[in-house]
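Below you'll find the structures, each written out as structure tokens.
Shared between the two complexes below is chain A, which has chain B as its partner in the first and chain C in the second.
Entry: the complex of A and B
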């Protein structure tokens, strides 16, 4: 019962309050007076081109960052797992994103992405490619954000995959070698299926995390707007701006709810998939 | 195997092992736990690197050949079936890796499933099988690709005794019928003696004896091999003043009275083991384990005289433990402690 109370007070109550707030059409937020309730906020949000951009960007982040980060972190974790000796030295580097604050990391990446002095453009120049306005040109805002988000999620995902890999008893790999499976088939047919639970967990957490993308945008583009011409606007950033800058509390709540339902639906689909595969 | 050695860091787990396994033979690696028998198996499989010496299959040196290409099958102690695959997929896995056509795989898996009597279980996952069924499936998987050499690491040790006996006999039948060259690790001397064509007795990473079960049992090449193969362990008596040890198995003793007795002792305990009666006889120099014949009048506390059945005495050098071909005259000896 005490646990139920805590869930009710800290979990349910704010959720219900926020939903109620999203229905407020004419109200006084500070005196908690509501003159009119309705679905106007939702219809506004869905017609607002800014929200549509935010939604599109957020979905783009989910479909790009989640798979990219999962593939990269699984590859890194597998590498660390199979080469124990080398991994002693390399491990700290891969866990750095986990412990570094987003702000500190973004500061470093702002230098990496600097149009004139950044390492990214220096590399491009070395390859004979033209310089790119990573953080200054509208069309590069999203790719930069994706890169940064992938990097930032690596540490946590590598850690989870590493734990998952270490939990697989080694005799299966031995048996597979006896059965004539070389490295890739062993990974594909034995290791990967046995990691299934971890894979589902990481994918769900990553989707939720990608949906929540806000601080990465805030820190990477300096906090004044969501990238050049707002091109890296995300749903949470949109909510933040409506709430804090524009004091549109009802609209902010409606946007938050719309986004929440979207992620909720995605997560349900993922859970269904993991159920069906016997995860 | 030629001078095969395996080392873990500073510690040598297997030293200078040389042996040849003839095609179609079943060879048991017998020894106490930690004697290096499993290590030897893993080195033959290529799952462990040898530090010296070589492993050859049909004369071809395998040291540089990775496990995947060695063409060996292996049955582990337990829990080695892939848990996310059905029994069918488990058995088919080595064949899939060899890129066999689907129809050939089906035929081979069905054939193996019938031989090992797991035809009804092919659609199940390993966690829905009993321990015996799991080992049947594991044997089927190991045999699927018709390996040059089958390796088994105590495959029956986790089964209860009646099942162990049943599966063991079935396996031996298959092994002989198809002439599967097998190297088999066990710590169970009875298993080794009853199942194999030859036994390699090991201790502390060294080979003590490599011979047929009959030879290992009746002509152990040294004292430790005599102790490891055979249960209860062989009895030993030390000759006073001379570097000789007499060994005699529990079933090789006869009652003797008066001067014909080699040694006298008091019966300390009587164990009835079905058809056999095992006596523990406390003699001044040793505690002897002796099987009593039905006509022996036995009671705890009774004193009896014993002699060794003619031709069944084994002599060992007390210093090196190695077998002496000619023993001294039995009648003239005194035992230490007597």
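Entry: the complex of A and C
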């Protein structure tokens, strides 16, 4: 019993403290806000064209990076799962982006994306396509960010899917194989349904991660602005800038809150879907 | 004929044509893997180029390898000191952080106490608060404690992590209840049960967690940037940031520094690699808990 108390106290206290701190973030400023400005911050945030841009970009990231990364990583994980021999050598290639510092990785990508000397444009030239200002033109800022984010998030998803695939008992697949089912129907009718829970889990985690996109923007565009003409601004980058460089704590908290509610709603929808489908 | 065909299916080859398609797929995925590694390859290649040749689009160029770039970085930055800082901060924060996380997760899974459910839900809620928002309140706390520019400021605040606790709660709840009853029947205290049964059982997961924590800690740059003022207290990523403002467009130096930053984590990854894949909690447990 005393041991239990010790565990509870030492184990829980920091968690409570950390949680308390995050409550402070929300409620202290929140209360200040009520005293001083009421709901003004929220209305300011929603009318701020910058925040709207950030929100739009974040949603764009969620609808592009999440499906792209999930489909690609599922395909890769399935491949690695079926080809054990190759898998041993290939796995590190997919996990390396997970391990490396975003700052360092983004430096390399900045070089690849260089308008004049970058490899991306060299390839384009080889294919007879015009050069593109990946990181310098406003239209290409988001596509570049999406590309980098997919690359960066792939490893983690592959890892999760690989674990999920390994948890499926191989008997079902073998039985179907004996019945003469070819690869695609086996994947579609057996593997995919058995992976349902992992799929939902990965989708939820991916949405939260995509919503939190900040490091990628910060590192890829050099940390001063969110891309050319701020075109790659995300919600968290907006929050960070309001907090860190403009010291607008109330507005930052309101923006964070708005974003938080959005993700929370999205997650609830996803959870409901997984419940209904019997996940 | 049919019989042999079926046997072949069982061994993993589908139809004869499937073998060619399979080979193509193999090649494609290998190419994809190479593409994933490509940025790192460039990083390494550029770090070995003379300063006026960084923009050459050839991967391996004719000019001799310029190892002196590394020496230049070594001479511009107090690298050894940064390395020491990074390592020290990572080691303490990961060690204590893992212990605290284990205790917290154990309390959540194996004791019922007032407010357990609410606390767990609250913990889940904090997962969705962007980390960047915590920077300022944490900075104020640390400044209030007079910790700025000290190791404590670098290591302590990120010891607890909601995701880590949540993850271990999933893992620990998969330990059968019978084990606990058996341990209690044998007169083992809860703490003994935790360290002698639960932790060894969940070792791969804990290792994975420690690895992920190490990676996050090693690569963290914003927090160390905010809480350190003096050059001596910087960590490696902050050194890279500083170099990118100082050296500007000297890509070869930046890439050399990037390589220095990335390589230790790659080593760490290879050391614990074989425990990694078996350790991510299955969504199975996740569902059971909620």
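Throughout what follows, the second predicted complex is superposed on the first by the 243 of 279 C-alpha atoms of A that agree within 3 Å, B and C clash if a C-alpha of one lies under 4 Å from a C-alpha of the other, contacts with A are read in each partner's own complex, and residues count from 1 in each chain.
By our rule, contacts are C-beta pairs under 8 Å (C-beta built on N, C-alpha and C of every residue); 3 or more make two chains touch, one makes a residue touch a chain.
All figures in this text were calculated on a predicted structure; none of them were measured in a lab.
Contacts of A:174 after superposition: both chain B and chain C are touched.
In the superposition on chain A, A:165 makes contact with neither chain B nor chain C. Touch counts on chain A: comparing chain C and chain B, the chain ahead is C. Of the two partner chains placed by the overlay, chain B and chain C both lie in contact with A:182.
Once the two complexes are laid over each other on the shared chain, residue contacts for A:55 go to neither chain B nor chain C. In the superposition on chain A, A:135 makes contact with neither chain B nor chain C.
In the superposed model, A:66 lies in contact with neither chain B nor chain C. In the superposition on chain A, A:147 makes contact with neither chain B nor chain C. Once chain A of one complex is fitted onto chain A of the other, the partner contacts of A:233 are absent, as it touches neither chain B nor chain C.
Within chain A, the residues touching chain B in one complex and chain C in the other are 174, 177-178, 180, 182. If you check the complex, the residues on chain C that touch chain A are 6, 9-10, 12, 14-15, 18, 25-26, 29-30, 32-34, 36-40, 42-43, 46, 55-57, 100, 102-107, 111, 113, 119, 122-123, 126-138, 141, 159-162, 165, 189-192, 194, 215, 218-219, 221-222, 237, 240-241, 244, 251, 254-255, 257-259, 261-262, 265-266, 268-270, 273, 276-280, 282-284, 286-287, 290. Across the complex, chain C is touched by residues 3-4, 6-8, 10-12, 14-19, 21-22, 24-26, 28, 76, 79-80, 82-83, 86, 90-105, 107-109, 111-112, 114, 116-117, 119, 122, 151, 154, 159-160, 162-164, 166-167, 174, 177-178, 180, 182-183, 197-198, 200-201, 208, 211-212, 214, 218, 222-223, 236, 239-240, 243-244, 249, 252-253, 256, 259-260, 263-264, 267, 271, 279 of chain A. Contact residues of chain B toward chain A in the complex are 45-47, 66-69, 71-74, 76, 79-80, 82-85, 93-94, 97-98, 141-142, 145, 151. The part of chain A that touches chain B in the complex is made up of residues 169, 171-172, 174-182, 185, 189-190, 193-194, 196.
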